[in-house]
Amino acid sequence: MNQTSKENLLEIKSLSAGYSSQVNIIRDISLWVNEGEILTILGPNGAGKSTLIKSLCGLLRFTSGSILFRQNEIIGLKTHQIISQSIAYVPQTNNVFSRLSVEHNLDLGSLANPQIHDQRLEHVFELFPDLKRFLGKKAGILSGGQRQMLAIARALMSAPAMLLLDEPSAGLSPLFRRQVFEHVKKIKESGVTVLMVEQNAKAALKVSDRGIILSDGKLRLEGAADELLESPEIGEIYFGTQAMSSK
Amino acid sequence: MIQFLIDGLINGAIIALGAVGLSISYNVMRFANFAQGEVMAVGAYISLAFVAMMGLGIGRIGPVSFGWPLLVSMMFSILITAIVVLVTDQLVFRMLREKESSRITFIIVAFGLSLIARNVITLIAGGDQQFLSFYIPRAVEVFEGVKIVPDDMLILLITVLCVIGLHTFLNQTLMGKKMRSVAENPSLARVIGINVDHVIKGSWVLGASLAAISGTLHAHITQLDPEMGFELILPMFAALIVGGVSSLYGAVLGGLLIGISEALAVAVGWSSYRGAVSFLILILVLVLRPEGILGEKERDA
Amino acid sequence: MLEFLSFPVFFLIICSFYAISCLGLNIQYGFTGLFNVGVAGFFAIGAYTSAILSGPKYPDTLIGGFELPILVAWLAALVTSAIIGLLVGLITLRLREDFLAISTFGIAITIQLVALNLESFTRGPNGLYGLPKPLSGWSEDPAVDNILFLMICFVILLALYLSLERIYKSPWGRVLRSIREDEFAAESMGKDVFSYRLQAFVLGCAIMGLSGAMYANFMRFISPQDFMPIFTIQVYVMLIAGGKGNNLGAILGALMIWGLWSASDSLIALLVTPDFQTQAAAMRLVVIGLVLILMLLYRPAGILPEKKNVSFLKD
C-alpha cells in the first residue's frame, strides 16, 4: 500500500482537520494520488469527504498532519498560495459568479496567467462546446448542469496540474450526470490529475483509477477502482446505498 | 436658483467621491465604514499640514483660487492617509477578520475609531475651525450671460478624472479585476486563487485616496474642523443607498442627487434641517426600493 | 458631613441614569442583537417629553404650563419613547444590521436637529429650564433631597433589574436570544421574528426614555447639547465593557465607565490649565474610544459575560 514519494503528485499523511480547532471532522487520514490518475473519495453523508477536500485547499483548520504536493508542504498555507501551485478547486455549491457573464467567469479562471488565456479557452471549448452559446449571458441563468460545466471549465482555465472536484454530479439530472463523468475522463486524458469527491459511487468508480472510502472521518477502504466496485465492504459502509444495487 | 443647483452639484461631487470610498469598503469587505468621514477629515488636515509646511500658500491656476501647492499637498495627503488606514487595518481590522467577528462589531469598532480620529485631530490641530484657503466663489463670465465659478469647474474636473480613473482601474488592471471578483463573491474569489488579504488592503488604499481628495476639496470650499467627518457621514450613506449599495457608479449618482437635494433644502429655507433631508431620502429609499437606483438585489455571499 | 456625600451622591444619580439606558440597550442589543445607534435620540425624547409636561410655561413657545406631576410626566415619557420606538421600529427593523445602524443613527441626528430648531416646542439651543425636581423641598437640606432621590433611582434600577432578569429567563427572553443567534432557525420554528424584534426594540426605547425623563427633572434644565451622539457611544462602551447580554454587566459597565469619565473630569479640572482643557477633553475621548476597541478586540464578552446556557431548556 505504500508508494514511494517520487511518484506521488499529492501525498497526505495523518491529516486531522475540521471547522474549528477543537473538533476534528476527519482524523488521521493518509492517502496519495499518482500523477495523471483519477482518485475518487467516497463515503456516506457526513463522512468528511468535503472536509478533506477543503482542507487540501487551506479552507479549514487542521490540527495535525502533512500534505505534500509535488513534494512541497502545503499544509497551513493560505488558499491563494495553494491554488497558485497549480491546483484548481471546484466547490460543490456557489461555484460560479452568478452576476457575471459566462465569458467573465472563464476569464477569471486565468487571471493569474493571462498569456495562456486564449489557448486554454480553446481547450475548454473543445471539452464544453455548449458554453460557447452562453458566453455573453449571466452565469446565474444557466441550469444546474450548465453551471457545473462552467465551474469546471473555469477551473481548467488556469491549466492546473491537479483538479479537485467536490461532488460534481450532485443535484444533476441523469443526462448531465453521465456527461460530467465523461468530461472528467476527458480531463484526465488531457493530463490533469483529478481528485474527486462523489456520492454516486458506482458511476464515479467506473471512470476512476482508484478510490478511497471514508466513514465517520476515518479512512476505511482504499484500492483500485474496479476492485472496490466488486468489494462487499462498500455496501456495509454505505448501509445500502445505490452503489451496490445493479442499475 | 441656478446658483443653488451648482452649489449642490459641487457639494454632491464631493459627497460622491466620499461615497465611492464608502462603497468600496462596503462591497469588498461587506462593512459599512462609519469612520469614512473621519478618513476624509484626516486627509484634509494632512493637506493643510503640507500646505503649511511648504509655506507657498495654496497657489493659483489662472482664475482658480487653488493651484499646484494644494494639489501637491493633496498627493502627499493621499499617501499618508493611505498609510494611516493600512496601519489601522493591520492593527485592528485584521484581528477582527481573523476572529470572524460579526458585522456589528466591525461597525462599533469603526465608531470607536472615528471618535479617536476626531479627537486626535483636536489634540494635534486644535478644536477650532481653520481655513485651508479663501474660497470665494467669484463667478467669471465665460460667454454672453453665462457665469461659471472657476474653482467649481476644477473640482468637477477632478471628480470626473477620479471616476474615470476608478473605472479604468477596476476594468483594466489586475488588482481592479480581483477587487471586483471579491466584491461579487468573496468566498469564491478566494477559491479561485485570489489573495483576498491583498485585495482588502488595496481597497483600503483606494478608499483612503478618494477620501483624501474629497476631504481636501471639501475643506477648500468650506473649512476644516474636527467634526467635519461626522457632518459628512450621513449624506454619504444616503448617497450610497440612494444610488444603490452594490454599484460604485450608483454612489456617484447618489452623491450628486444628495448634494442637489441638500442645496434645494437650503433654497427653500430648510438649511438647518439639511442633515435631516439626506436622512429622509435615505429612509424613503430603504423602505420603497432598498436596492437603490443602480443597485441589484441581494447577491452571492 | 452631608456635603461630603454630595459628590458621590451626584455621581451615583447620574450613573443610575446611564445604567437604566444601558439596561434598555441590553434588551435591544444584548438580548436580541438589534444594533440601535439612536440611543441618544430616545433618551432625548424621554427628556423633552417630561420637560414639556412637567415644566413651567415658556414664553414664545407653544408648550409648557401643564405642570403635571413628575410621576405622570415620567410615565408619559416612557410611553412617548415607546410610541416613537414603535414607529421607528416598524420602518427600520426589517433592515439588515448595517442598514439598521445607519437608519437609527440618522434618527438620532434628526431628533437632535428637531430639538435644536423647532423652537416653538423646544426653545432650540436655549433649552428648557426651571423643571421641577422630584422631592425638592421635602427636607430642609437639598443634600438630603438628593440622597432621597438617589434612593428612588436605586429603587427604579432594582425594579428594572429584577424584571429584566425574569424576562431574560422567560420564554419571551429565550425567543429573543434565539433570534439573535440564528434568525433563520427562529423563523423556521414558526416565530414571527419581526414581531419579537419590535417588542424588544419598543421596550428598550421606553426604558431609555424613562432615564431621559429622570435626567431632565433631576438636572432641572435640558438643551440639545445634552443629547449628542457621544451619549450613544458612552452607553455602548458601558454595555460592551460591562458585558452585553448580562443585566448586571450593564449596570457594572455604567458604573465603571462613568467612574472613569468623572474621575478624568476631576483630574482635568485639577491638573490642566484652562488653555489645555479642550485637548484634555479630547484625550479623554481618545481613551474611551480605545477602551471600546480594546474590549472588542480582546474581551468582546465584557467583564461579566452573558451566562452561557448549554440548552435553552434548563435555566
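Each chain gets a letter, A, B and C, in the order it is written, and its residues are counted from 1.
Simple rule for what comes next: a contact is a pair of C-beta atoms (placed from the backbone, for glycine too) under 8 Å apart; a residue touches a chain by one contact, two chains touch by 3 or more.
Note that the structure is a prediction, hence the values are computed from the model and not measured.
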item	value
Shortest walk length in steps over touching chains, chain A through to chain C	2
By mean Cα position, the chain sitting nearest the middle	B
Chain of greatest Cα-centre distance to chain A	C
Comparison of B-C and A-B (more C-beta pairs in contact)	B-C
Whole-Å separation of chain centres (CA-atom averages), chain A against chain C	55
CA centroid of chain A to CA centroid of chain B, Å	44
Distance from the mean Cα position of chain C to that of chain B, given in whole angstrom	32
Residues of chain B that touch chain C when the two form their complex	26, 31-32, 34, 92, 95-96, 101-105, 107-109, 111-113, 115-116, 118-120, 122-123, 126-127, 230, 234, 237-238, 241, 272-273, 275-276, 278-280, 282-283, 286-287, 290
Residues of chain C that touch chain B when the two form their complex	33, 35, 37, 91-92, 95, 97-99, 101-103, 105-107, 109-110, 113-114, 116-117, 229-230, 233, 236, 240, 278-279, 282-283, 285-286, 288-290, 292-293, 296-297, 300
Footprint of chain B on chain A - complex, ascending	57, 59, 78-80, 83-84, 88-89, 91, 94-100, 108-109, 111-112, 154-155, 158
Chain A-touching residues of chain B, taken from the complex the two chains share	174, 177-178, 181, 184-185, 187-188, 190-197, 296, 299-301
